[in-house]
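In the two complexes below, chain A is the common chain; its partner is chain B in one and chain C in the other.
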Partner chain A sequence: MGFDRRAFIQLITGGTVGILFTPVVWKLLDDVSIWTQNWPWIPTLKYGEKTDRPTVSKICNSGCAVNVRTVAGKAFGTEGNPENPLSRGGICPMCSNGVQLMRSPNRIKTPMVKGADGSHKAVSWDEAMDALTGKLQAAGSSVGFISGDLTGTANEVYSAFVKGAGSDDFFKLPGSNQAASRAWNGLMGGNGQIGYDLPNADLALLVGADAFESWGPTVWNQKAFSDARPMGEKPSCKYVFAGPSQQNTASVCDEWIPLAPEGEAAFMLGVAHSLLQTGMTADASDFNAFKTMVMKDFNPSKVEAAIKVPAASMASAAKQLRAASRPVVIPSGNSVAAHAAAFALNMLLGNLNRKGGMTTVAEFPLVVEGAMTPAETYEKDVVSWFAKGANPDVLITADCNPVYSLPVEVKAGFMVAIATEMNETAAAADLILPAAHPYERFDDLQTPYGVSSAVYTASVPVTDPAFDSMAPADIVLKLADAAGSGLGVESFSEVLMAKAEMIGAEWDDYFGVPSFETEAVAEQNGPSLAARTLAKAAAPVRGTGAVALAPYTMLTVGTDRQATTPNAPCVVSRNQIIGDTMVVMMNSATARKIGVGEGSKVKMAGGTGSAEALVHIYEGVLPGVVAAPFGFGHTVGDEFSKGKGDNVYKILTVTSEAATGASVWNGSTVNVTKL
Partner chain B sequence: MEERKASKRCGGVLPFFIGFLLSCIIGWAVIPPLFYTEVEQPVRFSHQVHVEGQGMYCDSCHYFRDDGSYAGFPSNEQCAQCHMVDDPEGVMQAIKDKVGDDYEKVLDLSEEEMPEDLTWLVLSGDEEDRKAELEYLVKYAIPGKQVPWINYQYQPDNVFYSHVAHRDISIAELKESEMDLDGVTVTPIEELEDSEQNCDLCHVKGIATNDTPPPFERNIISGYSKMTMKMWQCERCHAQMGQSNACYVCHK
Partner chain C sequence: MQTKEFKIKWGMVIDIDKCTGCGACMVGCQVENNIAPMTKKDPYNYLQSITKDRDDASNKLRTLTWMTVYELSNGEKFPNHEVAYLPRPCMQCGNPACVPVCPVIATDKNEEGGIVSQIYPRCIGCRYCMAACPYHARYFNWWDPLWPEGMDKVLSPDASVRPRGVVEKCNFCHTRFMNAKEEARLNGEDPEKLAEDAYIPACAEICPSGAIVFGDLNNPDHKVHQLAKSPYSFRLLEKLGLDPQVYYMSKREWVRMQGDNHAAKAKH
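Up next is the complex of A and B:
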């Protein structure tokens, strides 16, 4: 018997059949099928302990108290902090995207310097800090600083640093906070930060304040509204909105009084006129002068002629305010006169530091030696500074985007942007320093403007840093050290711990200060009604364009500091943008007058620029007014913001308010041409 | 006729059966082990030392969190409850002073040659245990790195397995029920001892008391563990226990 070809084939056949009776083939097929599901680029989940870490999120201007959800130390979501009175479990649309922003491809990952060709090149932190220290030493006192942080102790560090350099040029971004402070702490001689006790009010007159989508502490406001309007029950608070267009807030208010932005102060004094006629008084040294001024210059028929609001509307508002037990009037915008008029109206209603009224919240004491108080910082008007030709040798911007949002040209010999994301200011800066995201740094949140009681929240880093970044306050502390004007502390965490101790809050190394609230009210020393100033400042001043511009802010679209966030575009409506073109709203009478219709593409020229938009006809806009959203028109940014719409900040008309000297743009007008 | 003769000369169908038999032997006994490569745990962790020697319980390290999720492997923070390194930077510097920047080289030294800042941290008595503990301290605890423990029961991300949902399955009851769980459990039910804890149903028998962890057997193609349960195993047990086998039960 030999082993021939036939035997070989039989052996192989037997082997082949035999292998099918073993697990080899089937196991191989199974393993290969699993292997095809495991490619290296498929993301894998992180496993570990899930925690909710309380922190502060300053992506929105007011700041939110949030819980960051982490797994194995990595952040994956953000929710409102139910234990904090500012949030009570709620969160604004911007801060809800905190994690997405933290991991955004648009994050600044390393320090960068601008080269001769205008492009930015990565450098080490040591190189960047050495370069900046050299510039600061050469600049002497020609140093300016713009902070986008409206609520943090970081401003104490910044302002003390600027003061240490021999400069007074520390600024916050303009807005209602600033106007309120300049009116109350400046003009009227009051103390403390103004708050509005919305949770306990039974009538709220919102004068231009889009309280439920952009003005003030929006989450806190929304919670107050929600509590006052329980489903199926009688509302405990009536809301009246006076403003140029019906956005989210006006659409849920009980009454809308159409009012052009420049007419807010006059409107409120017209209401005050009706109240004074009924014999209402205020405990103020200049009450008689105020009464004389209002009775003479702001009788409702005169005001009606000036601002086109029917006298009956003002009388009705006054009647409702008088009849209410706990009324409160809330102003907005950046007109100091409008804020002073609102505060005078509140004092006339006798609601100062009363339940449901206007409160003067005690400010937390300063902890950094040489720092400016909030009121001192708000006296500094950054728009006016640049308008007068300021061109500091070194300008540092932190957590803000003034190149995009200020309606004036930002100039500096050497500009430094401390920012988390690339934006217009960073792109224009000579030096970019990557700022840690709010979840990656120590930070705090002191009573956001509008909240009626003093609330302090401080946070520790709740997740590992995504990039080689540093908290802006820590950067400035290092600069101060290098410049030899050390502020006596090594890190911002030390500053916050000292702050917590000073105000009596308990600091926890893991949680910071999740929530600390006091009812402390700032003592007053006979505030006035600013009669003399209001006599000159309250008259409406409108630009010369054909149509008044009523810009509005929606947190889903963006603010002066922050472009739209990654998940927000899906809820931005066709009333704000279609495709890449911004949408502006006007009523049919206005459209007819300027010869446009639904969907018309128009060019709006105003201020020093122009913007393109599509027209949407909406009867919720005052005749003669075009409502346009702030927040679009970024030239630098991520895929959600860059090249989307146009920038309304560049078509604002900046004027200096009579008597107060404040930079205002509530009288902005535009000329609209059909394209 | 010539063809038939030739066939007989080759032994008829004998080569076929030889091939068949050889394939079966190779396919059952030789090839299957070649699908796996053995990987040791990063540190020789002795359950025996910790459970029998120190009186620790399984849930001292492998516990359920307040939200019901399972902690799995212990982290450095948990280990630090006993193996605390107060001044890791100081110890690391002491090691670098001894061996230079290639700091793990300290493990090549005898204990007598190691810096005292390191050796006084060691709690173990036996030489082998001290060696393992030093490895843990030098490689993980001092530099603050988590130990990349290897999971014998690794499941992919698309499977949601809840330990807490399976916590109350009783080995004794399974034995009494006479369910057909052949091949479902890692160790046949009848070979398992009745115990308050049922870890042995799915994990290596006796893992809780072994002195040296068994090597992890990694499939060279799929990368999965040899002990990773397949879906049919989950489904069979679910079916026999009267539990739902709907997709969403495990695939969220």
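Up next is the complex of A and C:
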């Protein structure tokens, strides 16, 4: 039988009719469309009992008192702790992403040692601790320690351990905390930790202090600000911001005095000049020397010539401070001189330990034998230590990222990183030890710098550890034990319980110490106005570059210790980053002068490095200044931070402040070239 | 145009003079509502070598930010420049522009409380509502939600996860509303008369500077009732007649001017 034309037509027609009636084709088409559109995985939600458990979250520098929300025993969210005075229900954008960070794929899951080829390989805890103990024994007293914790009792454990090894080299990261301590407890001979009674002030002069976004206890500050501005009613406090650019804090302040970072101390002494002229005095032994010095060197026209702030602005600030009944001046940055000038100004205003003024908060007593006091630790300047060529045999870093954030090279014979997440320091370290996340460990938070009364919060682990990690303080206790310089305690939880008992706070096994507050004030023994030092240290020193650099910190972008958190990049605007390139801001006059415009790609060279950025024209920046965000430019980390923008810490110009010797970079400048 | 009236009208008054633009509300919102971080790589995409990467968070046309903080500028040169921040949730309009354009009734305003709903399984992703919304409050899932490995273990039990291809938006943390009503019932209270602090969306709760006040605009016991009538209060684009349930406040005239209400009748 042949295959003729008729058979062919019959086959085609029959086939077509058959296909039309069979469901197989349509079913297949349907399946293809479903399966290509299907989710590759289905997210499942956990259901069960929901609880709120109080804990401390030390992801931001100041630390937040938070409630971790759990469902069926698993943490899923973080909220402020309404019962705690530091939070009163508020939380910073960094800590509100705490649970997501805890589950980040960037977490360090196991101890690791660096091999000969430079890559890290996993080892057991025992092997890691044995290796480190051996290194420590060989190092003797050549041991350094950098702690990223500014508020914890863990620092007592660390410093006692370092002391036990016969070394003094225990450091905290530089910042306003350090400058304040060096100015008050060092230069001026005061006692206690400085706080600013923002909740009761009626005029706050914030000198460079971005108090509502990154400086000091931001949430506590913001709560005070919120109370002082009842909606629709008369505000009870006026805020004046003196700084180089209008960032978040300046946006809500009543007045902005444009001021370059290096001019802060001179500006405040210029204000002091006006106050002294009206006959104001301070109860200090060197008041006369201070007055003579200010009257001679800091008359407003002289200061105007040096820092380009109109004399009238200083006179107006002085007038407002005088007229206010509870004024307070808040400094910032690394300059010890600026802090001393602010404290002198506060003393001149007579607000020391007065309602709404500058307070000297009594520090909680030390509980670990042989530990350094906070003031002692702040006297140690990690930047100048490395700048002078320090190269300890063993350097331990805990909860910090000095390789990324210090504007000097970090050198050590054997570097140990105790960290929760992979970062530049861990990548450079010879040994990496996985630290427990704040929600997985015992920890505490003693009065963050800036808070006006003594507040203690301690926490217990609120969720199961995600990985085989250990609290940094427990690691150090074990090391001390192995080294034979045991600190007399088994675990960090014991230390915290002892601390709670010592200060009279009640310890609860389920809640720790959710909140404990005292009004204890440190007694003063005739603090001085640091007249002699200020005479030499307050003059502004600017680098030689074409444009001054005004770096700023936003918690959504990152800090010196913590890169941006998983949900934060959506929050970061196009004024900070576009694509993978950082954005810097300058006003139109500056841009014209250096020949750039909106969107120009530029290279900024300063210090020992350079950074690439796109220009955004923003009129809220002082002429001759470029405002750049800290926190970008990570070379190690998760996909949200790695390769995003450039690292502004590496283009800072570090100098030693005259008379105080502090490492400062407030006079940093950069040369900007168009690419 | 007729505005649908409800006995309860949940609303916000946002004080722009108090908002520092810190972004805590935006992060809090994403955590509460299971909005996935923007990841470039898709481990389930087996054709990665021939497809391009997903968008990352710097592409603001693709991010899902139910709550967004906008920057406002008074447009002056240095030193007279001023800046302000404006958080923008869904306005839950009394007369929403998005509802009548939806061909499948995936969005509606018919529940006591006046919250504009969004029913994800019903949404066909046509995005008419996005085109209609003058506040850009609606977002389209361009990509499947993906959490970095392990992070899916910390999803909130209070919000279902939406697939690629549907539109989503702020719903004033509606689960919190339902939970508050349920708790009221359990306590023998009237769920139609919730106290002011019984139901607060995540953004208002988290805001450290207290810039967002939330409550029932119709209830004289709630702060928002009075605040919405303040001479400093205004709504965005009121002239369009959409009757938003979100009010803003500022003592700065240039900020109020940017609410663009020059044609609006002063009726609040």
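In this text, the second predicted complex is superposed on the first by the 629 of 675 C-alpha atoms of A that agree within 3 Å, B and C clash if a C-alpha of one lies under 4 Å from a C-alpha of the other, contacts with A are read in each partner's own complex, and residues count from 1 in each chain.
Note that a contact is a pair of C-beta atoms (placed from the backbone, for glycine too) under 8 Å apart; a residue touches a chain by one contact, two chains touch by 3 or more.
Only a predicted model underlies this, so the values are computations on that prediction, with no experimental measurement involved.
Trainee: Taking the superposition as given, does A:466 touch the first partner, chain B, the second, chain C, both, or neither?
Mentor: The second partner, chain C, only.
Trainee: Which partner does A:379 reach: the first (chain B), the second (chain C), both, or neither?
Mentor: In the superposed model, A:379 contacts neither chain B nor chain C.
Trainee: Could you figure out whether chain B or chain C reaches more residues of chain A?
Mentor: Counting residues of chain A touched by each partner, the higher count goes to C.
Trainee: Does chain B (first) or chain C (second) touch A:93, or do both, or does neither?
Mentor: It touches chain C, and chain B stays clear.
Trainee: If we overlay the two complexes on their shared chain A, which of chain B and chain C does A:579 touch? Say first, second, both or neither.
Mentor: In the superposition, A:579 touches chain C alone.
Trainee: Of the partners chain B and chain C, which touch A:16 in the superposed model: first, second, both, neither?
Mentor: first
Trainee: Now for A:103: first (chain B), second (chain C), both, or neither, which partner does it touch?
Mentor: second
Trainee: Between chain B (first) and chain C (second), which, if any, makes contact with A:45: first, second, both or neither?
Mentor: both
Trainee: Which chain A residues come up in both lists, the one for chain B and the one for chain C?
Mentor: Common interface on chain A, chain B vs chain C: 37, 44-45, 47-48, 50.
Trainee: Applying the document's contact rule, which stretches of chain A touch chain B when the two form their complex?
Mentor: 1-4, 6-8, 10-19, 21-24, 27-28, 31-32, 34-35, 37-38, 44-45, 47-50
Trainee: If you look only at chain B, which of its residues touch chain A in the complex?
Mentor: Interface residues on the chain B side: 6-7, 9-11, 13-24, 26-28, 31-32, 35, 65, 67, 69, 71-72, 75, 156-157, 219, 221-224.
Trainee: Please name which positions on chain A make contact with chain C in the complex.
Mentor: Per the touch definition, chain A meets chain C at residues 37, 39-41, 43-48, 50, 71, 74-80, 89-93, 96-97, 99-100, 102-105, 107, 212-213, 218-219, 222-223, 225-227, 229, 231-232, 246, 248-252, 256, 258, 466, 554-556, 565-575, 577-580, 587-589, 618-623, 638-640.
Trainee: Can you list the chain C residues touching chain A in their complex?
Mentor: So the residues of chain C in touch with chain A come to 13, 15, 17-24, 26-28, 30-32, 34-35, 37-42, 44-45, 56-58, 60, 63-65, 69, 71, 73, 76-79, 81-85, 144-145, 147-157, 160-161, 163, 165, 205-211, 213, 223, 226-227, 230, 232-233, 249.
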